[in-house]
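Take a look at the structures below.
Shared chain: chain A. Partners: chain B in the first complex, chain C in the second.
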Partner chain A sequence: MNTVVCMKQVPDTETLIKVQGTGIATDGIKWVMSPYDEFAVEEALQQKEKMKAGAVTIVSLGPDRAIEAIRTGLAMGADNAVHINDSAYYNAADPFATAAVLAAAIKNLQYDCVFLGKQAIDDDSGQVPAMVGELLGIPVITQVLKLEVAADKSKATVTREVEGGQAVIEVSLPVVLSAQKGLNEPRYASLPGIMKAKKKPVDVKTAADLGVTAGPATAIKEMTLPPARQAGKIIGGDDAAAKAAALAKALQEEVKII
Partner chain B sequence: MAFQMTSEQEMIRLMARDFARKELEPHAGRRDREAIFPQDSIRKMGELGLMGMMVPAEYGGSNTGAVSYCLALQEIAYACASTAVTMSVANLSTEPLLRFGNEEQKNTYLVPLAQGRMLGAFAVTEPEAGSDAGSITVRAEDRGDHYLINGTKIFITHGAYADVINLIARTDPKKGSRGLSAFIIEKSFPGFSIGSTEEKMGLRASNTVELIFEDCRVPKENLLGREGQGFAIAMNALDSGRIGISSQAVGIARACLDEAISYARQRRQFGRNIGSFQAIQWMIADMATQIEAAGWLALAAADRKDQGLPFTKEASMAKLFASEVANKAAYKALQIHGGYGYTKEYKVERLYRDARVTTIYEGTSEVQRLVIAREMLKE
Partner chain C sequence: MPGTLIYAEVQKGEIKKGSFEVTSKAKEFGGDVAVCIIGNGVDALAPLLAKYGADKIYVVDGPEFENYVPEAFVQAFAQVANQVKPSVILASATAQGKDFTPAVAARLGVGAISDCVDLAKEGDKVVAKRPIYAGKAYVKVEALNDPQVISVRPNSFTAKEIAGAGAVEKVAVSLDASKIKAVVKSLELAESDEPDQTEAEIIVSGGRGMKGPENFKMLEELAKLFGPTATTGASRAAVDAGWREHSYQVGQTGKTVSPNLYIAAGISGAIQHMAGMGTAKVIVAINKDAEAPIFTKADYGIVDDLFNVIPALTAEIKKIKG
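Let's turn to the complex of A and B:
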C-alpha cells in the first residue's frame, strides 16, 4: 500500500508564544512535528507494515528548518519526502493555498491513502484535510480513530469520532484521512532509523515547480493573545448558609448564568 | 575545532530526551522507593538501538558513535540515573566483544546485545579486588575442552537480569595482572548462580548483585581474546565506560540545577524569592559553570574516541571532573531546598543519593587521578 502523509513543523507545545505583527516571534522556538501529524505518520507506517509492501511519502510545506521534522518522519520509517519550500505559500498560512500545493504534490505520487493530522496545532484551522480531498477529487474522512484496509486495497473500514460517540464508515480507496488522538501510539525514531534518514531522498519543490498559481484565499489582519485570566473571587460569609446565599446571588446578578 | 552537533546527533539527543521525559521520568521516583528494576523501559531502549550505540550496523548496532552516546545518556540520566547506569553498562558490555571477539563470538553474542535482545553485564570486582583489579582471584582452570570457574564477584550491575556476562578471571596464579583472562558467560551455564542483592543508598532502581561460580563449566570457545589478555580487555572497556559514567554524572547534575532553579524561583523567605539572594545566585552560577565544563570534557573524550585517537586520559579526566561536579551540584541543590530537600517529598533527595556513587564506580576519583597522573608523567 502506498501512502502519503502531509506533515507540518510547528512550535513545540511548551513554547511561550509572543505575538509579532500578524504572526508570532520565532526566535528561541523549538520546532517539532505537529502531534496529530505524528499519529498520521505512525498510521501510514503501521499500514505499510501490515501490508508488507508499499512506500510512505511525506509531503511538507515549510521553510528550510522544516527539513528537521521531515527527517524525523524519515527516521520513524517513511521512505521519501517532498519538501515544498516556497515562502509565498508558507508565509501566507492560508488553508486553501496550503491545500493547493499539497494536492499538486500528491497528484505526482502513487497513493491509496493520504493521511494528515486533524489539525496543525499552531494555526488550528483544521481545513486542510477536507480541501486536499476536494482538490484530489476523492473522499475525505476526518477525526479518524481506527482504520482497517481490505487486503485487496479496494476499500477501508474507518472509525471516526462524532460528538459523544463514534461512527463506522466504509469507504472506497483512495481516500484522505485525518488523524485524531487515539488512532495509535506514535513510535520513537530508532537510532538505526535516525542514521538512515539522511540517505533517504527528499525532493525540494516550489509552487511553480508544481504548477500551482492559486494564491491565498484569506489574510490574517491581526493577531492577539487571549486576555489574561481575571483573578477569582472568594465568597465570604459567616456560615455555610450565608456563603451559599452570597454565591447564588453572585451567579444570578454578576455572572448571570442562573 | 567544531562545537556543533550534527543533525543526527541533535535528533538522537531529542529522541532520548523525549523518551526519558515520557517513559522514565514519571516513574523514576516510585522505582527508587520500591527498588524496581526498569525491565520494560530497558527492553524498549534496546529496541530503539540505545544499547549498542558504538557497535557497527553489521553487528546489529546503531553505530552512532560516542558523542551521540554521551548526549543520549545525559538525557536518560537527567530523568532516571538508575536507568542510565543500566544503559551505560549494557553499552560497555559490547566493547570487549567488539574489540576482542572472533567472528563467531560476535555473531552469537554481540549481535543480540547490540540489538537489545540480550542484556550484557561486566564482572570485574571481587570482595578483595576493587580498585586493585589486578588482584582478582576468581579462578579459571583449563580442563582440556573447557574451563572450570570458581569464586565470587560482587557489585555487578544488573547481574540478576543479564543474559551474557563478560567475566574477568584468573588463568595463571603466578602472573599478577598478566595472569587474567576474559570469558563470555551465559546465564544458563551450569555452576553459575546469582548471590545476594545489594541494598543501596542510591541508584535503587538499578540491580547490583553478587555472582557465584561453583565448578562452572565454560566451553573453550568462550574465552575472549587470548589467555592473559583479561586485564587489558577490562581496562579498554573501562575507558569507554568512563565516558558513559561522566555523561551520567552530567545528566544528574543538570537535573540538580533545574530543580534548584525552579525551587529558588518560587520559594519565598524574608518577603522575597530566595533566588534574589546573592548567596543562592552564586551557588547557581557555580553549578551552571561547572556543569558546562563537565559536559564539554565528556564530549571531548567522546569525540577523540570517535576519531580513533587515544582517549584514556581524557575519559578519566571527564569521569573525575563530572562525577565530582555532580556531587557538588547535588549538595548545592539540596542546600537551596533547605529542610524540604532533606525529605523524600522532593526529587533533589533522590538526586543527592544517586549522584554519590559516580565518584566510586568504574574507578574511584583516586584511581582516576592515578590514571591521569600516569599518563601525564610517562616518558
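Let's turn to the complex of A and C:
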C-alpha cells in the first residue's frame, strides 16, 4: 500500500509564545513534529507493514528547518519525502493555500491513503485535511481512531470520533484520513533508523515547481497575547470542610453560578 | 441584499446551541440572515430558528440526511449557498462543524477561518478573532474572498431571542450519489445527556491527584449538581493512566474549552493543560501542593486534600440548593 503523510514542524508544546509583528518570535524555540502528525506517520508505517508492500512518502511545507522533522519521519521508517520550501506559502500560514500546495505535491505521487494530523498544534486550524481531500477530489474522514484496510485495497473500515461517541464508516480508497489521539502509539526513531534516514531521498520543491499559483485565502491582521491571568485568592479555613464552605459561598455570591 | 448564511446543526433531533449563538450574532451584521438546516425530519425545527433571528430558513430534508456524511451535507449546503450567494457563511465549531466547514469552503473555492471566539464587522469584512497555540496567543484574521466562511467556538456568543422574518423554503437538492463514497455503518453514542466539554458552561476536571478511575464518580456527582450545562473533564495524566476516555481530555492535545467555571481537582497546571482552559471565566483549583503552578492562574484556590474538599463542597452546594 502506498501512502502519503502530510507532516508539519511546529514549536514544542512547552514553548512560551512571544509575539513579533503578526507572527511569533522564533528565537530559542525547540521545533518538533506536530503531535497528531506522529500518529499519522505511525499509521502509515503500520499499514505498510501489514500489507508488506508499498512506500510511505512524507510531504511537508516549511522552511529549511523543517528538514529536521522530515528526517525524524524518515528515521521512524518513511521511505522518502517532498519538502515544499516556499516562503510565500509557509509565511502566509493559510490553510487553503497550504492545502493547495500539499494537494499538488500529492497528485504527483502514488497513494491509496493520505494521512494528516487532526490539527497542527501551532495554528490549530484543523482545516487542511478536509481541504486536501476536496482538492484531490477524494473522500475525507477526520478524527480517525481505528483503520482497517481491505486486503485488495478497494475499501477501508474506519472508526472516527464523533461528538459523544464513535462512528464506524466504510469508505472506498483512495481516501484522506486525519489522525486523532488513540489511533496508535507512535514509535521512536531507532539509531539505525536515524542513520538510514540521512540517505533517504528528499525532493525539494517550490509552489511554482508544483504549478500552484493560488494565493492565500485569509490574512492575519494582528497577533496578541491574552491578558495574563492573575493569581486570585487562596481560600483559607481551619479544615477542608471550612474551606469548601467558603468556596461554595463564593461561587454563590461572587461568581453567581449556584 | 447579500447577508449571512448559517449552517444549523442538528443532533438527536435538536438544533445545537452554537447554531443559535451564531444566528443571533449574524443579526448584528445587517443584511438578511438565512439559515440552512439539513437532516431527516427537521422541518419542524424551522420556527425555532426564526425565534433566534433567522429571516429565511432553507430546509433540506430527507432520509439520505439521517446521518452526517460529509459529502452529502457539503453537496446540499453548497447548492443552497450558490442560490443564496451570501457574503458570510457561519457555522458553530462543534466536532461536526469543524469537519464540515473547511470542506464547504473548499467546495465553494474559498478559504475558511476556524474556531473563532469573536467576530467584528469592519466594512464589508468580518474580522474574526481566534486562539492559536491552544490559546497562548490570539490572531485577528480576515477572509480575502466572499463568501467569508467562519466557524465559531460554542459559548462565544449568547443566543438571543430576536424574532426574524422566518420564511421557510424547502429545497430539493439533487445529490450526485456517485461522489458519496463513505457510508456510516454504525453509530455509537453515549447514553449520557451531558454537554460536550467544548459546549459546557461548567467543567469539573480531575488529574493524576484523583488516584484512580473510581474517584471520578465524585466529580460527576458534583458536576450534576450544577445542572445540565455541566460536565466533567480530565488532564492528560488521567487519560494516559486509562482512568478517563480521551474525549474528556482538556488541553493542547485534547479539547480547548472556555466554560464559565472550571474546577481543577488534583491537576498541577502544566502549560499544555492551561492552554486548553486558560480562557475559562473563573478557574478554581483544588490541590494539596501550595506550589502547584495552577494556583498562579486560578481565581480561587484551596490548598488541601481533594478527597476531603470535593465531598465537603458537594455537601455545601446541596445545602445551598436546598
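Observations on the model:
The rule we apply is simple: the second predicted complex is superposed on the first by the 230 of 258 C-alpha atoms of A that agree within 3 Å, B and C clash if a C-alpha of one lies under 4 Å from a C-alpha of the other, contacts with A are read in each partner's own complex, and residues count from 1 in each chain.
By our rule, a residue touches a chain if its C-beta (ideal position, glycine included) is under 8 Å from a C-beta of that chain, and two chains touch if they have at least 3 such contacts.
Because the structure is a prediction, the values reported are computed rather than measured.
After overlaying the two complexes on the shared chain, residue contacts for A:T224 are found with chain C alone; chain B is out of touch. Once the two complexes are overlaid on the shared chain, A:K146 sits clear of chain B and of chain C alike. Of the two partner chains, chain B is the only one touched by A:S190; chain C is not. In the superposition on chain A, A:K198 contacts chain B only, with no contact to chain C.
Set against each other, chain B and chain C touch different numbers of residues in chain A, with C touching more. When the shared chain is aligned, chain B comes close enough to touch A:R71, but chain C does not.
Residue ranges of chain A in contact with chain C, taken from their complex: 11, 13-17, 19, 22, 24, 35-36, 94-97, 99, 121-131, 133-135, 138-143, 157, 161-172, 175, 180-182, 215-226, 229, 231-235, 239-241, 243-245, 247-252, 255, 257-258. Those residues of chain B lying in contact with chain A across their complex are 7-8, 10-12, 15, 18-19, 47-50, 53, 57, 62-64, 68. Interface residues of chain A, counted against chain B in their complex, comprise 68, 71-72, 75, 188-192, 194-195, 197-198. Chain C contributes residues 11, 67-68, 70-71, 94-96, 98-99, 101-103, 105-107, 110-115, 127, 130-145, 181-190, 192, 196, 202, 226, 246-247, 249, 252-254, 256, 260-261, 271-272, 275, 278-279, 282-284, 290, 295-305, 308-310, 312-313, 315-317, 319-321 to its touches with chain A in the complex.
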